[in-house]
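Okay, so subunit A shows up in both of these, paired with subunit B first and subunit C after.
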Partner chain A sequence: MILSLFDQFMSPTLLGVPLIGLALTLPWVLFFQPGARWLNNRLMTLQAMFMNWFVKQIFQPMSLGGHKWAALLMSLMLFLITLNMLGLLPYTFTPTTQLSLNMAFAVPLWLATVIIGMRNQPTHALGHLLPEGTPTALIPVLIVIETISLFIRPLALGVRLTANLTAGHLLIQLIATAAFVLFPMMPSIAILTSILLFLLTLLEIAVAMIQAYVFVLLLSLYLQENV
Partner chain B sequence: MADRPVPVVEKRLMDVKLGELGSWLGGRDFTPNGILQAIRRGHDRYYNKYINVKKGGIGGVAMLLVGYVAISYLWEYDHISEILTI
Partner chain C sequence: MPQLNPAPWFAIMVFSWLVFLAVLPPKVLAHYFPNDPTPQSVKKSKSETWTWPWL
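Then we have the complex of A and B:
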């Protein structure tokens, strides 16, 4: 059977159960509840610090109506960052490489922000379709362009996350295969390739965190416009 | 012995004698709710033993992650073994 490079993204099953089930429930296991004590253990303190920092970062510029979304966006951020980082461990499966999952996150949340905007302040929401200061002759064209850009947002959100993670994993696999194959033949070149692989893995760790952050940040921006 | 007789199902696994294993397994709660409760009990035991301690280090979470990598390897073994055979 000829294996393509994309085979690592096929959902593997064992006895009919897909690994994506385990991969999706693992973040629940990794985040622990704060206990009944005043001072919790070190892990809980770190976790609480991260959550506080993140919530302030995202919700500071937002008006009060948007603060209802704090729990949702925070849990989304934790989920995405955990899934991305866990996918960097060997042999694991990254659910966020599947476009279906990312679109399932992006489309309902984006649609919710648009509907909230249209219901609560329709004029203001429609006004976003025309930037200030456009010359009169360009108005029709710009409205069409802005509408298209509005509708492309969920697609961009989903595809951005998928493409970044898939490309990263693919690169890691390619370079690792190259290093592995080169090692018996030309060890010095293999060492160079291994250094490249190490740097790439560092990059992937950064990308994993940044992509999750960007996803949630953009959603919060869409919410700010509309809330 | 002076212990009062305890119903088999309520004993912990290490206290069940080999002959009673069949009836112990038959009496356990395998409903979804029961399975969730069992998972929660196991999770709490692990948490309180390794993570919710005064000077917990990286070991508690690291064991979970290594276990996850091991399970993923087993789960994907069929898929991975084909890579070396072509």
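Then we have the complex of A and C:
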């Protein structure tokens, strides 16, 4: 069997058991659910600080009606950032490289924002399809363009996350393979490649966090338009 | 590209939403920020309590 570089993204199974189930279930043991009597330790303090900061960041510019989404978007952020970051460890599987998972979150949540907008304030929601100050002759074209861009949003959301993480993991695998193969032949080049790999891993850590943030931020923006 | 293989798509969708709805919100909502009463000696009262909206 010839291994291709994309084989790392195949949904892994062991004896017929899909391991993506484990990858989706186990990370949450890292997050405690404090009872009423618990005292905070460092981890819980940090997590609470993160949640506090994140909710303020996303919901300060949001009008009051959108604040109902606080728990949902916070859960989504935790979900994505944990899966992304844990996927950078060796021998782990990143569920967010699967287009199915990302589209499963992007499409329903985007659709929810659109439906909320259409039900509560249909004129205002439809008004987004025509930017202010458009020359009269361009109105039909622009409405078509804006409608297309509206419907591309969930696709873009899902594919952006998938592509970023897939590309990152692919690059890491490529450069690691190169460093490994070069080591017996040209050790100095292999060391340079390893330095490149190290820098790439740092970049991927940043990308993991940023992509999760961007996903949730864009959803909050779509919500802000419609709420 | 193996991600485009349609076989596990539905299972992944269902399972990930299951985990997302059942496991995460309790952990998130358990972090609440209760008010601790302002001592009498302080001139300005502390900020108001905050907890997850609509709950």
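Methods note: the second predicted complex is superposed on the first by the 223 of 227 C-alpha atoms of A that agree within 3 Å, B and C clash if a C-alpha of one lies under 4 Å from a C-alpha of the other, contacts with A are read in each partner's own complex, and residues count from 1 in each chain.
Just so it is clear, a contact is a pair of C-beta atoms (placed from the backbone, for glycine too) under 8 Å apart; a residue touches a chain by one contact, two chains touch by 3 or more.
For clarity, every value in this text was computed on a predicted model and none was experimentally measured.
Asks: Considering only the touch criterion stated at the top, classify A:Phe9 as touching first (subunit B), second (subunit C), both, or neither.
Replies: Second partner only, subunit C.
Asks: For A:Thr123, decide between first (touching subunit B), second (touching subunit C), both and neither.
Replies: neither
Asks: Just subunit B (first), just subunit C (second), both, or neither: which does A:Phe32 touch?
Replies: In the superposed model, A:Phe32 contacts both subunit B and subunit C.
Asks: Taking the superposition on A as described, I'd like to know which of subunit B and subunit C A:Tyr91 touches: first, second, both or neither.
Replies: Once the two structures are laid over each other on A, A:Tyr91 reaches subunit B alone.
Asks: Per the contact definition in the header, classify A:Thr136: touching subunit B only (first), subunit C only (second), both, or neither.
Replies: Once the two structures are laid over each other on A, A:Thr136 reaches no partner at all.
Asks: When the two structures are laid over each other on chain A, which of subunit B and subunit C touches more residues of subunit A?
Replies: Looking at subunit A, the partner in contact with more of its residues is C.
Asks: Let me test your reading of the model: by the given contact rule, A:Arg42 touches which partner, first (subunit B), second (subunit C), both or neither?
Replies: first
Asks: Quick check for you: in the superposed arrangement, does A:Leu22 touch first (subunit B), second (subunit C), both or neither?
Replies: Only subunit B; A:Leu22 stays clear of subunit C.
Asks: Just to be sure I read the superposition right, which of the two partners does A:Ser188 touch: subunit B = first, subunit C = second, or both, or neither?
Replies: A:Ser188: touches no partner chain.
Asks: Same subunit A residues contacting subunit B and subunit C, which ones?
Replies: After superposing on chain A, subunit A residues 7, 10, 32, 35 contact both subunit B and subunit C.
Asks: Along subunit C, where are the residues that touch subunit A in the complex?
Replies: Residues 1-5, 8-13, 15-17, 19-20, 23-31, 33, 52-55.
Asks: Where on subunit B is subunit A touching in the complex?
Replies: Answer in residue numbers: 43, 47, 51-56, 60-61, 64-65, 68-69, 71-76, 78-80, 82-83, 86.
Asks: Across the complex, what residues on subunit A touch subunit C?
Replies: 6-7, 9-11, 18, 20-21, 24-25, 28, 31-35, 47-48, 51-52, 67-68, 70-72, 74-76, 78-79, 95, 97-101, 103-105, 162, 166
Asks: Report the residues of subunit A in contact with subunit B in the complex, numbered from low to high.
Replies: Where subunit A meets subunit B, its residues are 1-3, 7, 10, 12, 14, 19, 22-23, 26, 29-30, 32, 35, 40-44, 86, 89-93.
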